[in-house]
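Listed after this line are the structures, all set down as structure tokens.
Common to both upcoming complexes is subunit A, partnered first by subunit B, then by subunit C.
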Partner chain A sequence: MADPNLISEAMRTAPTLLGEWNILVPMLGPLVVAAVSVMFRGKDRIQFSLALFGTLIALAGSVSLFFDVLFNGPQSLTMSGWIAPYGIAFTADMVSVIFAFVASLITLLIILYSPADIDKAFVKSGNYTMVLILLVGIHGSFMTGDIFNLYVWFEVILISSFGLLILGGEKIQLDGAVKYAFINLLGTTFFLIAVGLLYGITGTLNFADLYQKVADSDATGSLAILSIMFLFAFGIKSAAFPMYFWLPAAYHTPRITVSAIFGGLLTKVGIYALIRIFSIVFPDGNGAAFEIFTILGALTVLVGGLGSIAQVGLRRMLAYVLISGVGMLMIGIGINTPLAMLATIQYAVHSMLVMTGLYLIAGVIGRMAGSFEISKIGGIVMQYPFVAICYFGLALAVMGLPPFSGLWPKLMMVQAAFMNGDHWLVAVILVGSFLTIGGVGRAGIQMIWRGGDIDTPDGQYEPRGRRLEKHQLNIMMLPIVIIFLLTFLLGIFPEFLIQFANLAAGDLFNTDLYVKNTLGGL
Partner chain B sequence: MNTVILRTIAPALTALMILFSLFVLLRGHNEPGGGFIGGLIAASAMALFGIASGVQAVRRALYFHPVSLTGFGVLMAAASGIPSYVNKVPFLSGIWWKIPLGNGEYFDLSTPMIFDIGVWFVVVGAITAITLTLEEVE
Partner chain C sequence: MEFYLAILVGLIFAVSTYMMLSRSVIRLVLGVALLGNAVNLLIFTVGRVTREIPPIIPNGFKGMITGIANPLPQALILTAIVIGFALFSFVLVLTYRAYESLGTDNSEEMRIAEPEDVLVSELTY
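So, the complex of A and B:
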């Protein structure tokens, strides 16, 4: 360390290029727009336009950052003129920008869907504002280069998601929100304790600095315990095996757009944090962490698959399918080879898109039938064949069947497990997919082929519920069709995503670039 | 709580407390104080005024909805990072402008001060929104 009197050694003197600000746009844009939309919270007419505007800024920012990272390698900016380990750094590598781009895109699609789902009272209570702040928190988590800041962004996500969960204030929502809040606060507390202990051992919070300090540290025992604490904390966030039960309890209570944004994005933020921490802070797993990953992931896949078969509610069924996907991602992190990470990132993108699509289409189906109970839904193929086709496509995608995007990451995951010698994992992945086919397929058969509710005899057609207005259906179907086309195209041309996911996996195993960019070549 | 003494003294006390909160806010850069503490003092002034004269009087006096003040504060705090863009320094760097007052003295305007004023608005808005809602329920 330099002489403490030489404070100038910790300050940056080189001028900041305008391009370096790019990394802030996906956070700062929606934040500013959210602030404006809080100021005009009573004016429900402009709330939607503001939300659309904010999300478009975030999308444009993340696209431009994507190309920046693609051509110039990881990008970093340290706040307020300090140099990285002292100042708070934002660093984006290929993993961050892929997640950030998909998150912006999904939020945009959900905002487009919202007018059909969110009524005036919800808008006035700040639905769009909270979605924007949620997006700020999500982008912040993807971009931050500082583990304490990661905690802060998780708090931002938590607060806005509490707000979104209880909008409407029905009894069942409060019940779900209490479970969600309690278990997530527990996870956050564990995370904070682990960050404090990590700081105590290494004396730094910056990811790039931690990479060097943890590798040099003698306290391997304490670090191994810490890595398990991080695993536990983010296991709660991403709804992995023993800590998954809050998700089905909470995700079926709010409006469907809220379920969709939670299902598509929130668990993936937990997964992103696991990927980040276990690639740069504990790259060798510090003991047993990676074995625990695979075991927990396998159990999560099986529990999710079995749960999806057992559920009678459409949204609860989807919650278990989501959990099964989380397990698949945990397995990928646990195998920890470049191929497995490539599959993990690709699967995360696929899962974000498809789960959002499934929740949104569940909203359409629920609106038609007036219920989310699978036993009370029927006759969709007669009434709305187009909706039935979209459900069928998204269901194939989430099962991992061709010609949709779910096939390739699962295939690569199986290959990675074989190459690593984990034959039992191959069995788990395949059985898990099979169980998902059971859950999603059974729901599809009952809702789509059956003529009416559960007692309708074969061949009879007596749908329940009401017809939707044409323009409302169009608003709802547009984002679903976009997701349908995306997952179809990613299934037909997988190499498009694979090349970027491959670069991202490369960034995870070659952290030197990340470190160099954050610390400025120290 | 609606005694004559309180009702008489509350407006004067409220004015004094807001003045004091601005004083605490502005001296915050180098001495104890700042946006958060100043905001809390101003928010307690609003609460006191609300207890004495009723919630409606506070809402009228504020003119803007307290939550809107919070939004404005966030906007201001975020905007305090923008001058860094023009000066080619990283986001949220402290930038100081010396504004001559005409008599040889200078007023130090700075981005940390703008940020602090933003924090002041956030705290005043959020705490006042909560206290007013609680007072309304009673």
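So, the complex of A and C:
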């Protein structure tokens, strides 16, 4: 007969309340629906409805979890009735739920766009199923409170993104996928090496437990090296300088819905992991990590901006704009003050929305012109003025100009850099934004104002593209208009997002709440 | 024992790094496979190698007796092996497909996604 006192030290004796399962809904919902949708292989309408249903469950789950966290503080649940450091814990704080909500919303919009872009053959190959599994992996990464479990979710994301990337099997996709697959595999393996060594030093894998064990550890030299290994591993994932070369090699090869979901969500999962690890495992940076963050971030912003000017393909130009945004987030993590973290979270939300919108509208423009080469696209404003307006709005948003959502996080980032005394960072942020104006603005002027191909004389109008069917255009424009309105509203009423981002930044700097919720004792 | 295992892990890391520096994708695949095994051995070693006493509470005891083998690294390695196997088989098939349709296993010659001189990104569908 086991001693009940011993058991209550390791196992939870109170029953789990129904509300506590909420944290698993955004993961389990789409997972179950994905499993069901495999059974309907080849039935594209049913698979589409199932994908919509699964994403709606994830969205509803993350909304209710959002309110749970808003009113009751961080939520935690440990698997199999263990007590926290022994079992695998899932802990959601404000940062997790903001990221999870935006991720569900973006996936929903992309699924709404999909019927206009995805053929029946693609659906048969499992497009929607893999999108759902990708969403499961993304939500898992946001919710997990265990560093090895984070590795597992990264692998879930990785395998489904491999599948989505090569869907269709064109030569160009195989080429892009080889580069994407190997470098990302290397990145997650490096993450695993760092996890193994961290376990060797501290003897634990739980974030909350790591917070205490790392602070008490006297192996500061080894931990400093480990923090750089994590920076390297997630730097590959989030495409930071100098580990970004795989992104512009791969992100323009698949279907535009796949590019949009990758561009909107995948790099941000890497950024989320960096925020999480460097707020709870290495809160004081353990050495020079935060300085390296700012330097790498600054270089990423500049390289992304310069790359976006240099590209002639619309989708590859957007890949560099995306990299520039990642640099901005790295700078925010590197400054590491509550104001900078607030700006980082707000910028992440803005970047997820706007990059998805830009990729989706690039899909519309590419279909109209029959090409993604900027020199071969023209006459958009004459043919489809509404599309031109949407591109213009999203371009202003990504540049960081009012009245769209990009202005406020950049403003706060500049303010945080000034307050921290990093004046050179202010210059980098502004120059980076200026370069983005060059890239996105030049593409916009050429595609929208010019009458046709690159040699079309002024005043003439000869678009080379085909007209889209009204029905197809409506399906494609609906998600874009929603994103346009969201980024506009977040630009007009920024305080709506700022108050939640402020709470999230507060959670990141007040780690005690997270630790107490995971380990108990609250 | 940990000392010798650490040297072995370092040696495998060195070999796999050398393999991954090659331009041939086949060697890259082998390097990745070796890297995965090196990581598994690394996790095994950092869990401290002890004599083979199973981590089971004997009858009449209230807790673990000392000197047991650490079960957690083994659970981690098992997970990592399964994941690593899935990803390795995917990468193997990807490499074969890429070799079939691109006609090369030299990563320097894989320039379809990023052409060197032709600045074209045509719509492929």
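The definition used in the following text is that the second predicted complex is superposed on the first by the 514 of 522 C-alpha atoms of A that agree within 3 Å, B and C clash if a C-alpha of one lies under 4 Å from a C-alpha of the other, contacts with A are read in each partner's own complex, and residues count from 1 in each chain.
In the analysis below, a contact is a pair of C-beta atoms (placed from the backbone, for glycine too) under 8 Å apart; a residue touches a chain by one contact, two chains touch by 3 or more.
Not measured: the values here are computed from a predicted model.
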(request) Please tell me, clash or fit, for subunit B and subunit C sharing subunit A in the overlay. (result) fit
(message) Quick one: is A:366 in contact with subunit B, with subunit C, with both, or with neither? Answer first, second, both or neither.
(response) second
(message) Let me test your reading of the model: by the given contact rule, A:202 touches which partner, first (subunit B), second (subunit C), both or neither?
(response) neither
(request) Could you figure out whether subunit B or subunit C reaches more residues of subunit A? (result) C
(message) On the chain A superposition, what angle, as a multiple of 10 degrees, is formed at subunit A by the C-alpha centres of subunit B and subunit C?
(response) 50
(request) Check whether A:18 is in contact with subunit B, with subunit C, with both or with neither, and answer first, second, both or neither. (result) first
(request) Please work out whether A:35 is in contact with subunit B alone, subunit C alone, both, or neither, and reply first, second, both or neither. (result) first
(message) Is A:446 touching anything from subunit B or subunit C once the two structures are fitted on A? First, second, both or neither.
(response) neither
(message) After the superposition on A, what does A:179 contact: first (subunit B), second (subunit C), both or neither?
(response) second
(request) Could you say whether A:166 touches subunit B, subunit C, both of them, or neither, answering first, second, both or neither? (result) second
(message) Using only CA atoms and the superposition described at the top, report the least gap between subunit B and subunit C in Å.
(response) 10
(message) Under the definition above, what is the set of subunit C residues touching subunit A in their complex?
(response) 20, 25, 28, 32, 35-36, 39, 42-43, 45-47, 62-63, 72-73, 76, 79-80, 83, 86-87, 90-91, 94-95, 97-98, 101-102, 107, 110-114, 119-125
(request) Name, in rising order, each residue of subunit A that touches subunit C in their complex. (result) 3, 6, 148, 152, 155, 158-159, 162, 166, 168-172, 174-179, 181-182, 185-186, 189, 192-193, 196-197, 199-200, 205, 248-250, 252-253, 255, 312-316, 366-367, 370-373
(request) Going by the contact rule at the top, pick out the subunit B residues touching subunit A in the complex. (result) 65, 67-68, 70-72, 74-75, 78-79, 81, 84-85, 88-94
(request) Would you mind writing out the residues of subunit A in touch with subunit B in their complex? (result) 12, 15-18, 20-21, 24, 28, 31-32, 34-42, 77-81, 87
